[in-house]
Every structure is written in structure tokens, then in C-alpha cells.
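Structures are listed in the sections that come next.
In what comes next, subunit A is part of two complexes: it sits with subunit B in the first one and with subunit C in the second one.
Showing the complex of A and B:
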């Protein structure tokens, strides 16, 4: 069967864009807990904790370089238990896609299009995502090549223009509330790193599977650098309190800055980056979801699942949250962390255990398989 | 397999046809706004004033809406826009309500256009509003999607309605005029505090250990009526500017608690390292002695560079603040008989300048201490640099602040004496 392939560079683009999109939307390091001016410290810690997640899922996937999670969980656990376990991951793709889509809808509805029905905003984004996923993974990969420079430039402009209004004294004092709020706040961005669960579906499609883990970790590193920068600049411009109260702190910062008497209102940069980033995020989650489900149902092609899944995803985005306060509530560490850690870590740990047990059992055959892969 | 591929290809063609149709349909929308929110149906608010009526207990919103007809007439007819029977370049609309949003929505009952607030440049608070507390207004501005935190806040002393209805001599719109006036003033002199945007206002209100202060506008309209400014064209060309921007309004939390005059504001700016330029007038050395200046001779010095350093010492609950101020200035005019080139004379001149700066700082410090308002942010500095001390003192800060020992050390240097060494000799 024809297997679509993407380069590891494109994998880097995908995850960098996905992670950074969340950064410029809700800036979770600042908004979810009481870390206040230490949000940049949260961003640094989050890199290391998220890297553990990426390693866990990436390394597991590399043990089966030509199979995705549905296939290898069935191989490790048997047909039914493996299938059920991989359903948790598919649920994760659905939830992440729907939540990201709804955040995008909320920002457009709150700031730009207050009277446009949400279904129109969400629907138009879903249609574009369907189109690219329908075209396949390769066009999606090439799309990221095209979007990556524009996205990165837009993010950099968003963060560097406000520098004229920064007061880095706002970052003081460091650790006024101690380590506790900092560590607590790092739970949410770490939980958001479950975005890297998409690796479990994408690894077999990467031309150089061995490069996958490095590309994923690199994307995490660069996205974390952006996260640290965003946290520092938002706090330096708005102050920790004003930033933390906002639903969309980066947006609020951009709207509150006058670069000079004739240069202001440059929020099209984050809007642009956000729209492009969400398009990629949604498309990748939709691809993983449809690909995984097609494997589960033993279909050769993922396309027949695309439309119904997109409808389900769109409906979940629309009905899953009543308002922006509910979304903000979902991102509170005490809610998002247990939920996502369970859905992500439970299957991954079970699969790792099954992998080790199986390797011990077939101590001769399996390492050879590994080397060949 | 081949059949399946063709089916996919066919479906792709259908999909592209569908997209093409959608794109063509979207062209229909390019003829204008789908909900008829054309620019000609909108009124752009450039300045807004918030007032409070204690009798009715209602919040009042007074908005200045740009009038495109008046603006174009003004541009066509030179700078004397709004004169005679011509259209005014703006329209002032006033409504009231229990909440700010209610008052704003009521403007639609009396306005032919929907007001948009995204080009708001100036936000004015009357004294009554400031005394009642800014919180209701600030919450609305922070929550509203149209208003931006780049707008500039002021507290108005005097009749805010007269200011909103006033014509500014060289400008068409009050909002633009006040901004230009503030920008010019901030570049040229130090008589208003540095808090020049709602963003800074919000920041000042939310951080610990500092109280808010805002620039003040004194309403000058109506003052000239008693003085007889003359009528006709002469009266028009000689009319004074309707607003004088100077001084600062001091807040306890979000409520107005007092004012700084020009000199006290300059003192505040010295203390907070925000002096850009400042003009100072004092008697020349040797003229009339240190006491009284019998001949009424003065010199003007303009400070063009200043920097300060603040050091805090904490012993138990006692806080001592050392302020080192450095300033460089140039002599702008000299009213004395003779400008000596002796070193002692120059030292004396510098000492006098330092004394004036010292006095300004003292005035600001005494007023803030009297009102018990830490507008200088001594507490905030402690919070940033000595968090452990601040944690201990935060609750008692209201009692500690007036007892702070402030030591001021000013060093000045007059660097330039202009194009002539000595004043003109009149025979």
C-alpha cells in the first residue's frame, strides 16, 4: 500500500507551530495559576517536563518505526485490549483539536467578530482543515513548509514590537511566592505537551524515522524559547497582574502598545500567526484521528472517516464549552493535568510495560526486529 | 484499486468545483459590509469624559464624536473651522446610566450614527468621578473589545462639559488637541506625571507598594469671560487655549485623594527619575542676596539631562531612603547685571540650582507624607529589591511610609551658557 511520507523537517514545523500557537493564544504559564512574574521560570521548567513526555511517546514509536500506535498496541496487547487502549489516544486527538478550535473561535468572537455565529467561524476553519487532510499528509507537510516562515515571522514581530514599552523591573521579585506556585503552574503547559501524542501516528510516515525524536525535541526547545520570550515580554509590558487576568494576554499586550505616534494597532501579526497555526493544529489532529480510526476499523484509506469526524470535532468544539470562562477553567492545573495525564500517560506506560515484557519473552527475535527498523 | 483512485479523483474535482463556487459567492460580499456598518453609518469617538452626579447617583458619559462634514468644511476653509455658520468638526453627546455600558448604549437613542470607540484617544475623569472611584470605568474599558489601553487618561479640574465642548485654537478635535498638547509638554517640560496611557494606569493600580497619580487638566474655558476678551474676529484670534495641562491627581486605591501642583509634580518626577526637561527660574547669585530679591531679577535654567539613584535601608520597621540626583542644565536667560566667569560664581549658580531641585523634591515629599500616599513607589521598590522585608512590612506600610527618612543629595552642573559670555552692556 502506498505510504505517504513527510520529512523530519516538516515534522519539526508541525510540532513547533502546534506548540507555539497555544503560547500566543492563552499563554498558559501566566494565566493558569499564581506564578505571576515567575511565569518565565515556569516556561523553562515546562521544557524539561514536556521533554519527558516527548521522549516517552517518541521512543516508544521508534521501537515500531513502520507502525502507528493502533497497530503496535494491538501487537503488544492483543486485538481488543490494544484497540481499546488506542481509542484513548484517538479521544485525545479529538479533544485537543476541538479545544484549540474553540479557543480560536473565542478570540475571534470576543475581539473581532462579536456578532458572527460561532458555528460559522469554527465551520470555516474545519472546512479548510478537511481540505488539506483530504489531500493527504504530504500536502499537509508541504503546507507547513510554506506556513512556517510566515508564522515564525509573525510571532517574532508580535513579540519584538512591544519591546519599546517594556519595563523589565516588572519581572522582580523572583520567586516571591516560592517554588510551589511555579511548579503548580507548570502542570498545565506540561499537560498541553500531550500534543506530541500525534507522533504516535506520524512516525511511520516520516522519511527518516530515526530523526523523528530529535525533530520533536528540537521543536519543543524552540517553542519553549518562544514561550519564555512571550512570558517575559508580556509581563514586562502589562505587568504580571494585568497579564494574568486577561483571557488572551499576548493579544492584550499587542493592543495596549503604541510603538510610536504613527505605528500602533499591529494585532494582525498574532491574528495571522494564530489562524495559520490553528489550521495546522486542527489538520494534524484531524489527520491523526481519521488515520487512527481507519486503522482501528481496518480501512485502507482514512478519507471516508474525515467528514464525519470533522463534524464530530466541530460539534464538540461548539458544544464542549459554554463560554470562555469554562475554557479557562479547563486549563486550570487541577483539571487539565489529571485528565490529560491519564489519557496520555496511562496508555503509554501500559504499552512500555507490554513492550518490555514482550522483549524479555522474545529476547532473541525482538532486538533484531528493532535493528532492522 | 484503480476504480477507487478514480473515484477519489472525481470527488476531488467536485470538491474543487465547490470551493470555486464558494469563492465566487464570496465576491458578492466585497461590495460592502454585510450588515451595512459602512463608515458613513459610524460616528468615531475621539475623546470621552466620565462624570458622576451625586444627586441622581448616575454615571455620566460625555463623548466627543468627530463630524466628517465639519472636518472637511474646516479643511476647505482654512484653520478657522467651525466658525460662523459652518459645521462644527465635532459633536458632543451626553448620556447617563447606572453603569457605563448603559450610559454608552443610551447614546444610540440620540445619535444618528453608531458610535465606535476603537479610535478613542483621550479618557477624562471629572473630579466627582475620580472621588467616587475609577473602578467601574476601568472595568468597562478593560473588558470592552473596542477601547484600547493606549488611550491617555487625565483628571479634569473644573467644568468638564465646557472642556468637551471647547474649540482648540489650532486643532479641530479636542481628543487630538489634548494629545498633541501633552506630547509637546512632556518633551519640553516636567509638570505632568509620566503615566500617559491606560496601560500604565492599570499597572500602577495593580502592583503592590505604589499609589496611582494621573495628569491633570485645568479647564480654562469660561475664565476669560469675566476678563472681557473682546468680541468679533479679534476675540477669536486672541482666545486662550481651553485646557492647561499641569500637575497631578493623587489617588488612594482608585479614589482621588489630592493634587500635586506643578512644582510638587516636578519633585515627584525628580524622585522617580522621570525628568526629561525642566525649566527653572531663580534669582542670580549676588543679586538681592539669599533672602529677598529686591530688584526682582531672575535667571532661567533648563535642565536637559537628569538621573537618579535610590537606595533603601531597612532596620526593623524603620526605612531610610537615600536619593542621589544628578542634573545637567544650560543657562537660557540671565536677568542679572554681570555674569562672572569666576569658579566661585559658577559653583554658587550650581548650588542655587541644586537648592531649587531639593526644594521641589521636599514639597512633593511633604505633600505625599501629609496625605500618606506612597506615589513614589518606595514600597514597590522594596517589594522588588527586598521582598523579604516587604513581606514583613506590607501590612504596616501605611504607618511606615510617613515615617520614612528621606535624604536627598543633589549634584548639578550648568554645562552651557549660550552664545554670549556676558549680558549686554547698556550704557
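Showing the complex of A and C:
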């Protein structure tokens, strides 16, 4: 079977764009709400906790560089248990794709297209995602090559224009509420790091599989730097109180900025960056979902699954939440963290245990193999 | 190998025999008489017929010449029917015993003087020695070939099909006595346009010659620029009825074998009645026929072809058109002109930037205006949106309809002005300016802002150096306009995204169309958004050139002032003066 290949540079692009998109859209509000002016500390802590996640899934995938999670979980656990376990993982892609989709739909509806029915907005985005995934992983990788510089520039513009309005006094006092709210707030961004679960599907498609872990960790690092910047600037411009109440603080911040008569209201930049990033996020999730499902059903091609899955994704995004408040509630640490930790960590840990058990068994049988591995 | 290609600039005949299918010949001759009755109708059935019965013979006998002058003449006459431009002169030599001859050519394609003085005259009155030798009829053929015919190119054939081919390309056919062979003398001499300035790719600084309709002239222009024998020019013949000559030019070693094989295979696949322009070929050989984007670069400038060959591309010359196709083509190249490299690199890079901006403007500006005015008024600064609103007050249409109408008006004006003689064309533009520009605004049909937007877009679309890409942008602009009217900036985002997706999936002869942007090839970015100095362009573009031949110049070509003399001398002079 022909295996589409992407470069590890493109993998870095994919994850950087995915992570930054979600970071810039929703994270500041959640972290600000809990940790108030210490949100930037949350961003730093999140990097380390998320890195553990990335390492867990990325290192596991590297043990099987030419297999994706559906294949190796079956190999480790047997046909049925492995299939069920990977189904849990696939559910994760569906959930994340739908949530991202809905968030962007809400942004567009509240800020740009208040009269347009949500189903039209979501539908058009899903159609674009289908087209991307239908074209395949290689065009998707090249898309990220193209989008990455534009996306990064737009994000940086978004973050640097407001600098004129900053009041860094808003960041004080540091650690006013102690470490507890900070650690608590960092649960959400850590939970969102489960988007790196896509590694489990993408690793066998990377030209240099050994590079994937480094690329993924690099993308996490740079996205975290952007997150720290975003948190600092949002608080410095809006203040902790207002930042905690706005649902899309980055947009609110951008709207509040007025550099001169002709340089104001440039929320075009974040929307643009976000839109570009969201299409990539959606497409990657949809790809992982359809690829995994096609493997589960022993199909050669992922494309036949695309249309039904996209319909499910769109419906879930439309029906899963009633309004933006519900999304916000879903992102509360006490809800999202247990849910995603279970869906992500349970299979990963089970697989790791199975892997170690199998390795021990093998090393008893074939000690020379072990040494080489 | 090399010197052969060098001496014979154009080895058509040999190649034509090899490349065209053997069965193609028979039914061509067979269908030639029928063609007179319904030229269109027979064209395609002729092709099918070939495949059905490859061995069908010529109606008057075989497709070979026979050892009978009268029969051969009859065959040729039958094939050409009542064509008035076929000239046949039956002659008798002044030798004893006299030999019967026929001189056949097509009027207008040959130079009359050459035929009269260098073909007919020596045949009728052979010089004294030949007469005194009392040449018998059998060897008169050889004598004529070796000593009598005064043409640069004389060849022998016994195939009737080749006789037809060469007749139609301006050669003179000499049939002698009871020979089953014919002499073909090169007497081509038709009226040509001559080398003129390029009509579509003018430059301020740079060579002013352009290709014309004659393929030989075109390859000669290339050969003059690229003197290495490594320049190979292979000939093909495409088109069952038009028998259009097509030539493939490439630099041996620099163009990859894989690319060459691919181009040849695609060209040999074509079986049609006629090829009239390189556009015909383009539609038959491009990768994605349903894409709006041009996947082959076409040019009428010899210097551009030369530059592209040096980068490992393959040029496809078509007889009868000045436009040469270059494969593979990449999108960034459509935004370059040869002049970028002739002027210094600062301005070369700057105009690149301008062109990319113009590219973006001509694609999205009208739709962006529609989206902002319809959906996102808050994105504009307040004074600006107020002045737009006050102007739009009297306009009866929604912005989208206004934009669509004005774009259509502009397209009509452009189309009308394009085909008219230059003098009337000016009249059209005056009418366009006065009526559309002033009266429409005063009458309250359109707002001035929309007029500015549409004219800016039009100007920007003229800044695209390659016309085929400008056409694409015109089409896509309308699609984006519809998206913007429905979903605002988000719609434009979707549209642009789909266009990008299409571009990254597109390939030109197997090479990614968006190279070096997607996939990113860092070393090729030197000649994309900016044009770095020539002395820094050490390597040829990646991907298409095989790795063994990527270096194009020696290292450290950067010019510098002379190391020890330069400065000291001026200092001394300065001292002396003060």
C-alpha cells in the first residue's frame, strides 16, 4: 500500500499551528479566570506537564515507527481489546475536532457573522476540511508549509500591536493567591495537549520517524512561548478582571487597542490566523480519525470514511454544545481534566504496560534482539 | 552524437519516421483524396480507420513509388485532387537519349527562382561533360542527385508518404524516368514575418527579438544563444492531417532523463487531426486538465527559453506559432520576467514584491471590498467607512451586485478593446472612461469607491507578467466575489484556502507546482520572492535537475575592488591635488 509521507518539518508545522490556534483562542480566558494575573505562570507550567504527555505518546509511537496506534495496540493487546482501546483514541479525535470546530464557529458568530446560521458556518468549515483530507496527507503537509509563515506573522502581529496599550502593573502582585489556583488552572491546557494524540497516527507517515518526537516537543515549546506572550499581553492590556470575563480575550484585547486613527480594530489578524489554523486542526483530526477507522476496518484507503465522519463531526459540533457558555464549562479544569486524562492516559498507559510486558517476554526468549533494540 | 545535432539543426525526417506510427502513413494517403469532399468529416474517421486496418493500400496501388513515371504522377495528382497550387512540370532532358522527368512542387511554398535556376535549368541542360559521357537513363538518377541539382539539401525516397510530407513543407520533388525513387530538393522559400519585437513580453532592457511562426527560425534563434552541442533538439510530427512539426529542446545532462521520457511519452500519445498552436499541445499534455491554473509556461522570448533550459527544463517548439512551451512550470515563475535578471538585483527583487502584491490585489481586492462593506464595516476606520457609506447612499444595488456589474463591464470593455484595430481601440477606451467612469457615477449607478476598486484590480491584473495566469485570476476573482457576498471575510478565507489546497495538490509533469513554497525548498527561495545577485546563485533549482549537474558557476564570483592598488592610488591623487 502506498504510504503518503510528510517531512518532520511539516509535522512541526502541523502541531505548532494546532497548538497555537487553540492556545490563542480560548486558553487565556480559562487560565486567567482561575489564576488571574498569574496566567503566564500557568503557561510555563503547562509546557512541562504537556511535554510529559507528548513524550508518553511520542515515545510509544517510536517503538513502532512504521505502525500507527490501531496497528500496534492490536499487536500488543490482541485483536479485540486492542481495537476497542484504539476506538477510545479515535473518539478523542472526534471530540477534539468537534470542539475546535464549535469554538471557531462561536467566534465567527459572535464577532463577524451574527446573522448567519451556525450550521452554515460549521458546514462550510467541515467541507473545506473534507477537501483537505481528501487530497491526502502530502498536500496537507505542503499546506502547512505555506500557512506556517503567514500564520506565525498574523499571530505575532496580533500580539505585538497591543503592546502600546499595555500596563504591566496589571501583572502584579505575583502569586497573590498562592500556587494552588495556578496549578489547578494548568490542568486545562495540559488536558488540551491531548491533541498530540495525533502523533499516534501520523508517526508512520513521517519520512524520518526518529525526528518526530523532537519535532513535536519543539512545536510544544514554541507554542508555549506564544502562550506565555499571549497571557502576559492579555493581562497587561485588559487587566485580570476584564480578562476573566471576556470569552475571547484575545479578540477583546485587539478591539480595545487603537494605535492611531487608521490603525484600530485589526481583529482581522487573529481571525485570519485562527481560521487558517483551524482548518489545519480540523483536517488533521479528521485525517487521524478516518485513517484510524479505516485501519480498524481493514480498509486500504481512508477516503470512504471521510464523508460520514465529517457529518458526524459537524453534527457533534452543532449539537454537542448549546452555546459558548457550555463550551466554557466544558473547559473548566474539574470537567475537562478527568475526562481527557481518562480517554488519553488510560489507553496510553495500558499500551506502555503491554509493551514492557511483551518486551520482557521477548527478552527472555531472544536476548540478542533486546540488546539491539 | 553531438556534432550531428550541431550540423543538422533540425533532424526532422529521421525522427518523424521513427516516432510516427508505421500504419499512420497508409490511410493518410488513402484519405487524402476524400478529404477534399468533407475536410472536417474525414479527419477523425481517418484516425480510427488507421487502427482498424493498418495494411490498407493506396487506391491506385501501393504507397510506394513505382517504376513508371506516368503512374507516379497520377498517384500524386490523385492524392492532391484538384488543388490549384500543385505545380507539375513534365520535362524531357536535352541529352541523347532523352530522359523523361517530372518536377513537382507547391506554388507559394518554394522559391520560384531556386526551382527555375537551380532545379529545372540544370536538369534540362546538363553540362557538357555529362552529355558527352552519354549517361544512360539508369544512372541519370544518380547523376542528377550528385551533380545536377543545385540545392543545399537533396534526399532520396521511395515512399509516397514522404513525398507528400516534403511537398507540403516546401520541397521540390523530381521524378525521373522509370525510377521507383524520387529526389527531394530543399527549395523552401515562403513569405515570413521575420524576427520582430515580442508582442506580449516587452522589456526595457534586454534582447528585443522574439520567435516567429517558423520553427526552423525559432530553433536557430535558440541555437545562436546556446552554442554548446549539448543543446539537443529532437523533432516530432504531430497531427495526422496538419503534420505539425514539434521540436523538443533540452540541454543534455542538465534536463533529467525522467522528465524527458515523460515529455516524450505525453507528446507521442497525441493522435489528432491537427495541431494549430502550442495551446493544442498544452491541453493534451498538462497534468490536471480541469485546473484553472496554467501548468506550462509559454513564452515568445528566446532568452527566456535559454534561461529555462539552463535550469534543466524542456522546451517544446511548435511549428506555426511563436509561443514555446516550457515544462515543468512552477507558479512563482509566472510572476517573473527575464528583465528581473537583466537589471540589478535590488530592482529585480523590488518588482518581484510589487508583482506578488499585484497578484494578491487582483485576486481578492473586489471580494475583500464587498465583504467589508457588506459584513464587517467595523473593520474600517470610522472616517473611511462614513465616506463610503455617503457615496453608496444613492446606489440602488447591494455592493455585491455593484461589484459584479462593474467587473462585467470591465471585462466587456477589455474584450472589445482587445480585438479591435488599435485606432478604434482607443475610441473604445475613451467611451469606457467617459461613460463608465464619469456618467455612471454621476447617474448614481456605481459608487466612486467601487470604481476605484475595480480599476485598481484591473491595473493589478495587467501587472501579472504571464497572460495565462492573469486569465486564471480573472476567473477566480468572480468565484471569490460570490463567496465573499455569502460569508464575508470568512468566505474569502475559505476560497483562498481551497485555491491553496488545489495549488499544493497540483503537479506539473510530476513536479510539485508550488515549489519552492510548498514543499519548502530553502535553496530555491533565492529566486522566488527576491532575486538574489547572480554571483550568489551558485546552484540550479533543485528537484528537476539531476544531482550531478546542479552547480552553475564557480565559487566566489562576487566582484570586489582590486585589493592593493585601488584605494592607495586615489589617496595619492587626492594628496597631490591638495
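Just so it is clear, the second predicted complex is superposed on the first by the 357 of 373 C-alpha atoms of A that agree within 3 Å, B and C clash if a C-alpha of one lies under 4 Å from a C-alpha of the other, contacts with A are read in each partner's own complex, and residues count from 1 in each chain.
In this text, contacts are C-beta pairs under 8 Å (C-beta built on N, C-alpha and C of every residue); 3 or more make two chains touch, one makes a residue touch a chain.
None of these values were measured; they are calculated from a predicted model.
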Using the superposition on chain A described above, determine whether A:176 touches subunit B (first), subunit C (second), both, or neither. first
Using the superposition on chain A described above, determine whether A:143 touches subunit B (first), subunit C (second), both, or neither. second
So, A:110: does it touch subunit B (first), subunit C (second), both, or neither? first
Considering only touches as defined above, state whether A:238 meets subunit B (first), subunit C (second), both or neither. first
Looking at the overlay, what does A:272 touch: subunit B (first), subunit C (second), both, or neither? second
Looking at the overlay, what does A:131 touch: subunit B (first), subunit C (second), both, or neither? both
Which residues of subunit A are in contact with subunit B in one complex and with subunit C in the other? 112, 131, 261, 264-265
What does subunit C use to touch subunit A in their complex? 375-376, 378-379, 381, 383-384, 487-491, 493-494, 497-498, 500-501, 504-505, 512, 514, 517-520
Please name which positions on subunit A make contact with subunit C in the complex. 7, 9-10, 108, 112-113, 116, 120-121, 124-125, 128, 131-132, 135-136, 139, 141-143, 145-147, 261-262, 264-268, 271-272, 275-276, 279
For the subunit A and subunit B complex, residues of the former touching the latter: 110-112, 114-115, 131, 134, 165, 169-170, 172-173, 176, 237-239, 241-242, 245, 252, 255-258, 261, 264-265, 301, 303
Counting only contacts in the complex, subunit B reaches subunit A at residues 4, 8, 12, 15, 19, 35, 142, 145, 148-150, 183, 197-199, 202-203, 206-207, 383-385, 387, 390-391
